[in-house]
Amino acid sequence: MRILVLNPNTTASMTEKIGAAARRIASAGTEIIAANPTSGPPSIEGFYDEAMCLPGLLQVIRDTPDVDAVVIACFDDTGLDAARCLTDKPVIGIGEAAYHMASMIANKFSVVTTLARSVPALEHNLHRYGLAARCARVRSSEVAVLELEDPGSNAYARITDEIGRAVAEDRAEAIVLGCAGMTDLTERLSAEHGLPVLDGVVCAVSLCEAMVRLRLRTSRLGGYAPVPRQKLAYA
Amino acid sequence: MRILVLNPNTTASMTEKIGAAARRIASAGTEIIAANPTSGPPSIEGFYDEAMCLPGLLQVIRDTPDVDAVVIACFDDTGLDAARCLTDKPVIGIGEAAYHMASMIANKFSVVTTLARSVPALEHNLHRYGLAARCARVRSSEVAVLELEDPGSNAYARITDEIGRAVAEDRAEAIVLGCAGMTDLTERLSAEHGLPVLDGVVCAVSLCEAMVRLRLRTSRLGGYAPVPRQKLAYA
Amino acid sequence: MRILVLNPNTTASMTEKIGAAARRIASAGTEIIAANPTSGPPSIEGFYDEAMCLPGLLQVIRDTPDVDAVVIACFDDTGLDAARCLTDKPVIGIGEAAYHMASMIANKFSVVTTLARSVPALEHNLHRYGLAARCARVRSSEVAVLELEDPGSNAYARITDEIGRAVAEDRAEAIVLGCAGMTDLTERLSAEHGLPVLDGVVCAVSLCEAMVRLRLRTSRLGGYAPVPRQKLAYA
Amino acid sequence: MRILVLNPNTTASMTEKIGAAARRIASAGTEIIAANPTSGPPSIEGFYDEAMCLPGLLQVIRDTPDVDAVVIACFDDTGLDAARCLTDKPVIGIGEAAYHMASMIANKFSVVTTLARSVPALEHNLHRYGLAARCARVRSSEVAVLELEDPGSNAYARITDEIGRAVAEDRAEAIVLGCAGMTDLTERLSAEHGLPVLDGVVCAVSLCEAMVRLRLRTSRLGGYAPVPRQKLAYA
Amino acid sequence: MRILVLNPNTTASMTEKIGAAARRIASAGTEIIAANPTSGPPSIEGFYDEAMCLPGLLQVIRDTPDVDAVVIACFDDTGLDAARCLTDKPVIGIGEAAYHMASMIANKFSVVTTLARSVPALEHNLHRYGLAARCARVRSSEVAVLELEDPGSNAYARITDEIGRAVAEDRAEAIVLGCAGMTDLTERLSAEHGLPVLDGVVCAVSLCEAMVRLRLRTSRLGGYAPVPRQKLAYA
Amino acid sequence: MRILVLNPNTTASMTEKIGAAARRIASAGTEIIAANPTSGPPSIEGFYDEAMCLPGLLQVIRDTPDVDAVVIACFDDTGLDAARCLTDKPVIGIGEAAYHMASMIANKFSVVTTLARSVPALEHNLHRYGLAARCARVRSSEVAVLELEDPGSNAYARITDEIGRAVAEDRAEAIVLGCAGMTDLTERLSAEHGLPVLDGVVCAVSLCEAMVRLRLRTSRLGGYAPVPRQKLAYA
């Protein structure tokens, strides 16, 4: 099985980190193709970046046809709906993956993401997926995405503080980390706080494996009807 | 006052029709700049087209700085959030404009749009805006966007039939037309069915005029914080 | 165009202030008729006042037939539905006007109103309009309506403090002022806090102008069906 | 125990019928005072009538102080909130009474009311009470309120037909009759359709008895804070 | 009239206290049969206890056929749906009883229950009943159920503290006590805080009396269809 | 990896069918232990059966400690919350598994279950999980659970008819089969209707495998706190 793990920003070091996390969790027979667009924003922080990464993101999917499933490795799940019109293979966003998984191991979870500017986009997604009622609160740590790539930053301290507040104030039973760049912090944070801490990258990879094994494919009826051939030519 | 009325697809005849509708309704001192991207999909029908039109759409906004407000003239309101991060001038989507206006003249409205593939995107928007409870049903007439440009099509007949069903089955008190290309049908349909029929293009132009007069601007706090300068360079 | 701006309480100084605010924002050709009932409560603070002002409020509408639109200038939007059964001209409440406008320039807004006793009525309206999900919180400043008419009160200080809390605690991106009597504070508060502050009076006047230009009228089907002639005789 | 059963319209024959129904169901020690305002609309059908009956309705409450509880015997529950600010004795609307009772004997219920123009008001109430999710559908029988007073009308036939549709189409497990004037049809309809049919008048009387025995009173904090003495003088 | 007041746990002293509370409030002609299962958990604190008490609970109902109504005297309302399939006599849970009653005397209420582990179950019930929107917050006092049976515990102090926070922070207009074992604290807490404090046991008994007088029975259509005879044999 | 697939009813042929389906989809290293309680109802059809199977269901979990995850193979997800208090290993209900999976491959799905009496329980679950908004409708085929075990019944015909209606009337983009006993019909129905048809058994097995690989465990904070040792003794 081959899974395309698509980092929608252009920061190669982050793609590598995400790919490594995916490979650590993947089953024996699963090949992970980690990729990112060659042009577009170097980090996805808010609505504008979400929009600007889309053509590059969709081009990577079109250029990588021989995969069994696609992970969109941005916590905003940007481009998820559009990608599902391009292929009937499962396409899973890391945000939705973490929300669905958290909903099956906790009554309520809180999200700890990067910047305040990203919070409304996540809240919109939660409403749309129907899982807003399961999320106690979306919190921002005010850690910028690229600070997560800098070992000298105090990113960990700010994230763990915010998790502490989520447990105390929100009665959160689990924490969802709201950025693909936090994938390597999961175990340490979980041990420190004594509750499940979910990273969307590994959740999405595992869900893709499950979908492929179950031979589940995206519906072709309604909103995810295939893009007509002539529309593809305009890309 | 200058209002950019931005048709996100590349079909110039549709841009002209939309521009003409906007000018008919605009106040004396308002100049309408009707524009469309030079590349991208010729019609917006579903999630993929919504995504692919975004860079062109946002480029038109960046290339037209000296306006007082922006109308995004696609009923899916694609790019609305991203555009609001680019400028603090009011940016109004024709979908939201029609929904808000309809909510002030009717207890419940139904939407009649083009193809079934567009229905989920509209339903998502209604949920997000908070107005899903005011919408009795989103209906598709199975008229493609570009059929609306073809005088020989039976588009009118199919749309008016669907409105009849909305009144009879949904107890709709008003109808929102779910495509910018239907802007010239409003009066005839309203007269035929004896209820308000709303076109988002003219609603959005009027709302922009109102916002400019009220000196209301998009908030710079939270989700619509300005795009950092270095992010603009990657566009 | 003539717009009736109807203050439902009997305090003439407040009617004047509201009328002046309306005239400042009105378009060149718009005449503002500011009026209030001759009997009823001097301020609308809670459910009982809302009920007791209704016959006077509706009588003013019946006595002022030659207008193009009506603004109900009480933030509780009392009598809105009843008024819409009396005339098919647009009738806009200042509460709904501000909520709808705020929803198009901010992801979330908070309301700062007068007394705690008014909060549930506003929360009910927000639910009914469908916009509760867009409102972070309805806050009371514990400033009574008529204190707003007293230059010696510390009303401004208490309102600005409450806005500070809304930004810090609710993550509000915009503020809606929850009383017609606050109409003259908008600009100062907006400048002080660096975010949009909306007054319903001017929002409603602008929306009325927009509706009249768009020739939109209240639906006559369903809940706003015209009052039968014999029912009018009982008033 | 004395319960004021207040018919908000001025049709004395309806007040008598409602009073008789209340007395049939009341406990041994309960005295029913059936009353109606002396001026106002002869039937409550829609938003305008709801508003116009309020001063008369509230006056009856003020003129009848020595009661232990109040039933507002109009299915729209008009004036309920205002009345609760006038007295801390329990005030129960027949609409809410029936909805709450139905929620404890059925998973879902449908409402069968009089005219289509009354449907939105009932839907708003259901949302506000929080019980909209328990109501499968609000249906109108197109029987006018005063037709229920006319033995020669075919009101029963139209109501029973609508109940049949509610069972078949809505999967309703119980039926709430949406007008005080239907109080005498309950048993016959229940027997005919084999499911619980609830009349709000008797539900409300029984709930008042329960509240009085439990010494429960309307909260004086927040939205139902007592009307200040000087406000009562303006009535 | 005979009402079975069924304490689902096996602690006889609690059954006695509950029975005494029920008798104090019952009408003259009402006989209270207080009972508990002979095996099962001694207190219901969370999901596991809720499940384990069910066969015993349902057996008591089957062994007590000659009653007119049943109260399930556990605030989690465990077994409510199953019990309604066993008999068409009214079955009322003390949680739902208190929520419905509180909704008719306050705009919003908060719940003060025992342990944090019980909070999610109560939140699920509130959602299901449709009354989540009426509840400001479910709070835990961290008083274990059996501490309520111990006069030497500081249970009262912790509960009254939590009520203080509910009034200050949640803007609660009424308090619902979230455990049958708190039934004897109601009046003292209400007097101390100056707002209605509701105990589900007495609310449910009164609602049963009302239902019996109204001859209301649980619907036999849909979810509460009677258990087939052969299924009863497997119990 | 060992997964307990627990059929909560006592029908061994159904346990075998479910176990076989689980084994077909399980990964190479996964051992499926299919089991059912030795006493309790032979099929779960509605609230009473759900309650009566619980002690047996929970006993099987306690008697099978050396597994890595548990599937509750009843579409009502009965006992799910209680089981999560017994073990921190993942416990997945087949209903929730199918709903979550369907939400990632379709905008909206409909459920086709067995009897009308089971519909409210499924609707309650959907609300609780937060996924009610993703479900267009819960439909019953009026096929009893044990008819699915009878090759001579016309169960397939009735189920496929109901799916046809779901596509035509609900605009469902995917179908969830609402009974573990339908697990062998999935592929044929999917091929016949040209849309994804999901069986909860295989979805839940795959989700368990994913959770185990991700080392995700049920939260021990809040509602799923471990059952105290002394409580286990009462079972």
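Lettered A, B, C, D, E and F in written order, each chain numbered from 1.
One rule holds in what follows: a contact is a pair of C-beta atoms (placed from the backbone, for glycine too) under 8 Å apart; a residue touches a chain by one contact, two chains touch by 3 or more.
All of these numbers come straight from a predicted model, not from anything done at the bench.
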Contact-richer chain pair (by C-beta pairs counted) among B-C and A-B: B-C
Whole-Å gap between the CA centroids of chain A and chain C: 43
CA centroid of chain C to CA centroid of chain D, Å: 30
Contacts with 2+ other chains: residues of chain E: 84, 107-108, 116, 119-120, 127, 133, 171, 222-224
Topology of the chain contact graph, where touching chains are joined (line, ring, star, complete, other): other
All touching chain pairs, where touch follows the definition stated at the start: A-B, A-C, A-E, A-F, B-C, B-D, B-F, C-D, C-E, D-E, D-F, E-F
Residue numbers on chain C that touch chain E, as the complex places them: 116, 119-120, 123, 127
Of all residues in chain A, those that touch chain F in their complex: 25, 27, 84, 90, 92, 96-97, 100-101, 103-108, 129-134, 167, 171-174, 194-196, 198, 202-203, 206-207, 209-211, 213-214, 216-224
Chain D-touching residues of chain B, taken from the complex the two chains share: 107-108, 133, 171
Interface residues, chain C side, partner chain D - complex: 10, 39-42, 46-52, 54-55, 58, 79, 81-82, 84-86, 116-121, 124, 127-128, 222-225, 227, 231, 234-235
